[in-house]
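Here's a structure for you.
Per-chain numbering from 1; labels A, B, C and D assigned in written order.
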Amino acid sequence: MSEQFEPVIIGFTCNWCSYRAADAAGTARVKYAPNVRLIRLMCSGRLDPTFVIKALAGGADGVMISGCHPGDCHYIDQNYKALRRVLLLRRTLKGMGVEPERIKLVWASAAEGMQLAHEIDSFIEEVRKLGPLGWPKWNETDHGSQTIDDEQAPVAHGQEAEVTA
Amino acid sequence: MTQTKVIVQPKAGLRKQEDLTLLHEVSIATAGVSHLEMCIQCGTCGGSCPSAADMDHTPRMIFAMLRAGMRGEVLHSNTPWICVSCYHCVVRCPQIVHIPDVMYTLKGMAIKAKLYRDSNPPHFSQTFVGMVETFGRSYELGLATRHYLRHYPLRLPGMALMGLGLLTKDRMSIIPKQIKNMSQLTAILNKAKTLELTS
Amino acid sequence: MSENEKTPNERIGVYVCHCGSNIAGTVDVVGVRDWAQEHLGKDGVVISRDYKFMCSSLGQEMIEKDIKELGLSRVVVAACSPHLHEKTFRTAAERAGLNPYLTELVSIREQVSWVHTDKEVATQKSKSLVAGTVKRIIHNEALEKLKVPINPNTLVVGGGIAGIQASLEIANGGFHVYLVEREPSIGGHMAQFDKTFPTLDCSACILTPRMVEAGTHPNITLLTWSEVMSVSGYIGNFSVAIKKKARFVNEELCTGCGICVEKCPKKTIDHEYEAGLGYRKVIYTPFAQAVPKFPVLDAPNCTYFQNGKCKACEKFCPTNAIDFTQQDQILNVEVGNIILATGYDMFDARRVTNYGYGRLANVFSSMEFERLCNASGPTGGEITLRDGKTKPESVGIIHCVGSRDKNYNNYCSTICCMQSLKFAHLVKERTGATVYEFYIDMRTAAKSYDEFYQRILEEGTLFVRGKVAEVSDAAREPHEKGKLIIQVEDTFIGKQRRIPVDMVILSSGMEPRADAKQTGQLFGISCSSDGWYIERHPKLDPVTTMTEGILIAGCASGPKDIPSSVSQGAAAAARVMDKILQKEVELEPVRATVNEEKCSGCRICNNLCPFSAIAFIEDLAVTRINPALCQGCGTCVAACPAGAISGTGFSNEQIFAQIDGLLMSI
Amino acid sequence: MNKYIYYPGCSMEGSAKAYGDSLNFIKGTLEMELDEIDDWNCCGATEYVSLNLIPAYSLIARNLALASKQANGHNTVMAPCSACYLNLEKADYYMAERPALGEKVNQALAAGGLHYEPGSLQIRHLLDVFINDIGLDTIKSKVTRPLAGMRVAPYLGCMVPRPDFAHRWSDFEQPTELDDLLKALGAEVIEFPLKTECCGGHMTQIGPETAYELIRRLVSSAEEHQADIMVTVCPMCQMNLDAYQAETNHFFGTNYQMPVVFFTQLMGLAFGGNPKEVGFGMELVSANKALTRIGMELPPGETPRKKAEGLPMPERRLKKKVVEKINQEGQE
């Protein structure tokens, strides 16, 4: 790993638009930063807030949620529900002392591999600016490259995550 | 205006072999995003240009020559100097190439490389800029007389008539105006001259 | 984290694919293999192998062999995207007696080797992706595919040549088709053309028989002057509401004799069929060969509807078929598959103001010119200037109008070159005028297309390579007076030319339908950034979409010429019949189920389901989900505060475990 | 009261004095408050950019920096000169489009204790302000002496409708704003096909032969359409067409006598000003003949186009609508 902080991003994609956008990016050989690891759901509406908490608790520095563009949802309008949840979640995290900017919602149609790659890159840069998410070491899945900053990591986070996860 | 083909003797600043960095060099030295790389050679620019008839190469050919790295021929061409910046080409270009801005860049490069063929246009620009750098405003009377003295001495009488007309009709001031905070402007311009657009 | 810490008693096989150098070029495949073997043993990985082409029969056999001999209970294949080969490997596993849903694909090609460059980092990412899936798959359950019966009826939307072709193929196959067309007649754009390239046979001559066949086919219900209002359901079982717009003509009584049209006293400009170049009566059949033959009354323009007088049509109708009281009616039909052949719009040349269309009288759009040439058109096939009399002596044809231009449409409309060459021929043939063609690149890439180009060259058409800068009526020289001047750089001689002509034809490109996006949303499919519908796969699956049971054909998915539109119509029909003949369709068993012990009956989930698969059972005070209606999006699963709903294939356990895996320190 | 940060540009006090005077005359009538940028400098015309890029843009940006210091509440900079307007607009746009340029220019400005945040100001041309802020209805309502009987060629030139970064104009090629305004004054506006063709710009200085041809095209076309007078919105255009018309005649052996004035001068007349106070008499090709047309009881000139016959024309539609539609789609 290089000197600069390399954030770890967990990305949730829907099966129909955004995961296929990732495929499209691949097929078109669009290059983007390797910090992101994608998890496929059927729909962004499946996103359970605890997934995000769990990811952050587990050592991710940011979480990207992506779905079809509003109106294009394969399940009519479930991506709106994802949108609502994300907004709510950002507020909750703020309350927990975690920067809400660590969560990003991205709309990407199956054709928008280029755009998705671009979004991923810019999000990684944003998170890199925020620096590592300072959770206390709380299980072996903690990410290697992390530096622990006790002040900004109230123990409550760990517990909260424990409970929800 | 002569339509004769230009034959360029290799001189200082000229390269005989292809110079594949030329296009990029011009592109980044241009204000804004030039899109120069995107040219599809459709000729919309050359077709739109109101002064194309007087150019030895149409803008399209210039872009092809840039690709071919023909530095000498491009910088020696009169094309950028004939451009009247009417922006017809820009709004019609299917690839949105910022053509007039590229032309400005080429003029600048030609002056630096001393490759312009007709000294008249660069001198006009220099005289104009000279005025601006001394007064902060352009000074039409001084500009006109100086420039015409230098390049159209024989026309001057005829022009003088017009100049006189403008003067008597109070459309040309005899004394140049100067801005108050000249020192500030000078400071800015001096600093600016040390900077270049490289990325 | 209990569920992740339990040491699994599963036996997992990991298979890492080189994909030639596609993966191996950027990822240390062997490294990944060994790492999985060493570090994922505690998760149950008993064997880890690599192979050059895992999807080859040899690769598949290797996996099958291991399943049998090593008794694998889970298989993880690190290769390409699941959308490409998930089915391949799941079927292989099934052959070896393993439930297909116990095999998962890890995309280390589309998501790693093709998008990253640094080998070390790429390898590391591949490892964590594999780890994620290994930990996830422990929680996978054996699932059985759901089977639902297929309704053998098909809905075809759009009565252009593609839609007609699709309908006929299916109808001839013995299945019923509802063909919906929003115009008064089927035929689409092709019905407006005069000749068709490259063979120059008359469009009507080859199209009319097909139209008649579609109109009279016992297996086709023709619904013209109709539009789809709503669609619900899923593959095999769509229910569709169709609005049959009031025709004000009783189709039972009307014989199509045309007296009403003849007697109607009012003319109006025909913006649809005659492309604004001709007139039609207020009660009209768009053209002679229209199918069906019943006329339509254009109410907004009708004198009777405007001021209560006239009724000439009614007076003269011999069968009393005119019915001013007719209302729009809604038809509900049940179908198993839907083919969208919604076609294209012509690019509006007025947008290119420097070409003067709409300002300069003798600048014509391509569709206007088609009508000008057409024997049934406003001039009876005479090519004239806007005054309707004068024959042009010189004509300029401009290619790429609105196409290949970032100011309008970025794409090539593919047909315009051939269309323009056809125009050149027609002008020469009928007027003997001097013809200029202004093009950027000549694109004649299909069977006997370039030969046609050769023929036009031979006919003496003057080709100028250069995108026309402007068409103007401002003469500079005496010989330009009263002409249209085409100003262009002749890029072969590198000089600007001003060419005076009498007539200019703008070869406009194709655009997605103005309402393509709304229509797409109606049927649950999406558009590309250009606005065309997206195919499931641009090469290998061009007529299906991401939505099962919704197919596309013709120009709905992008500019096409007649041959390709016809083949796509037939292709879509074949796909539909294959589904129908299977009698039932297998649905992914990804479904949500309610654990009624846990369900508190809070009803939070009740309003979340867009497919109304969730029903609340009053007397038990619990919620139930109808697996046939559930599409498996999982929204309710995520919403249930009691965690009573679980989504097969994407359970919380699976996701949590995958997250742990992905975040494992490598 | 519409308030604007005002960038006059050098020529308003010199060759385009008539422009300046007439603007001063009408601004009261139209309730415009012009707050001149304190100690503004030349925009460099089209000359400086061709010598040295960063200084050229710094020169322009100094004005923007000064303007933004002056901007309290109202952040619209209005320039009546096309070249100035375009230079300011371009500097603002390119500094944003090309951050590298923005940085460098601000480094230079810093040497003078200044800074400009691209995008913080709205740069607009006088005509745009008349049409879109004040509005044709208001302008119509102020007309006390309709210009009936005067056949006017509306000449916009290049640099106002192009490249139009902000999509303010109805069209790049055939915008109708100026026509509409002149019609509102009661003038008879001809269909002038060359309304946005080039006047030759600085070519009058460095390549007169090129310029003369362009001037000829414009003047002859205006004459062909029997215009009494040409109306411009740009000092450079007025200078070239008016002051160099004699030269052009001399060069081609023609004898055009086409007066060229600023649209503000006609507005002044229509608002009741007398010719002198709105700058008439400063033009080299006298506008007297055109002036005599006003007030005289002339039957309205026969309508230029006869009733359409033969095949119907596609209705003509402004591009603006389409542009808006496309923009909306863009935003979706």
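By definition in this document, contacts are C-beta pairs under 8 Å (C-beta built on N, C-alpha and C of every residue); 3 or more make two chains touch, one makes a residue touch a chain.
Owing to the predicted nature of the structure, the values given are computational and were not obtained by experimental measurement.
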{"item": "Of all other chains, the one whose Cα centre sits farthest from chain D", "value": "A"}
{"item": "Averaged-CA centre spacing for the pair chain C and chain B, given as whole angstrom", "value": "50"}
{"item": "Centroid spacing, where centroids are CA-atom means, of chain A and chain D in whole angstrom", "value": "52"}
{"item": "Intercentroid distance (Cα basis), chain C paired with chain A, Å", "value": "32"}
{"item": "Two or more partner chains touched - positions in chain B", "value": "53, 88, 91-92"}
{"item": "Of all residues in chain C, the ones touching two or more other chains", "value": "354, 470"}
{"item": "Two or more partner chains touched - positions in chain A", "value": "none"}
{"item": "Pairwise chain contacts, counting only pairs that touch as defined", "value": "A-C, B-C, B-D, C-D"}
{"item": "Residue ranges of chain B touching chain D (in the complex, touch as defined)", "value": "1, 29, 31-33, 50-51, 53-54, 80-82, 84-88, 90-92, 101, 103-105, 107-108, 111, 120-122, 124-126, 128-129, 132, 136-138, 140, 144, 147, 152, 155, 158, 162, 165-166, 169-173, 177, 179-181, 184-185, 187-193, 195-199"}
{"item": "Chain C contact footprint on chain A (complex, rising order)", "value": "8, 10, 16-17, 19-20, 22-23, 25-27, 29-32, 34, 37-43, 45-51, 54-55, 58-60, 68-69, 71-72, 74-78, 81, 85, 109-112, 117, 139-144, 162, 165"}
{"item": "Contact set on chain B toward chain C in their complex", "value": "40-49, 52-53, 57-58, 60-61, 88, 91-92, 94-96"}
{"item": "Complex contacts: residues of chain C adjacent to chain D", "value": "269, 276-279, 348, 350-351, 353-354, 357-359, 361, 365, 368, 378-379, 384-389, 470, 472-474, 476"}
{"item": "Sites on chain D touched by chain B in the complex", "value": "10-11, 13-18, 39-42, 44-55, 57-59, 62, 90, 93-94, 97-98, 100-101, 104-105, 107-114, 158-159, 162-164, 172-173, 197-198, 200-203, 205-210, 213-214, 243-244, 246-247, 250, 281-284"}
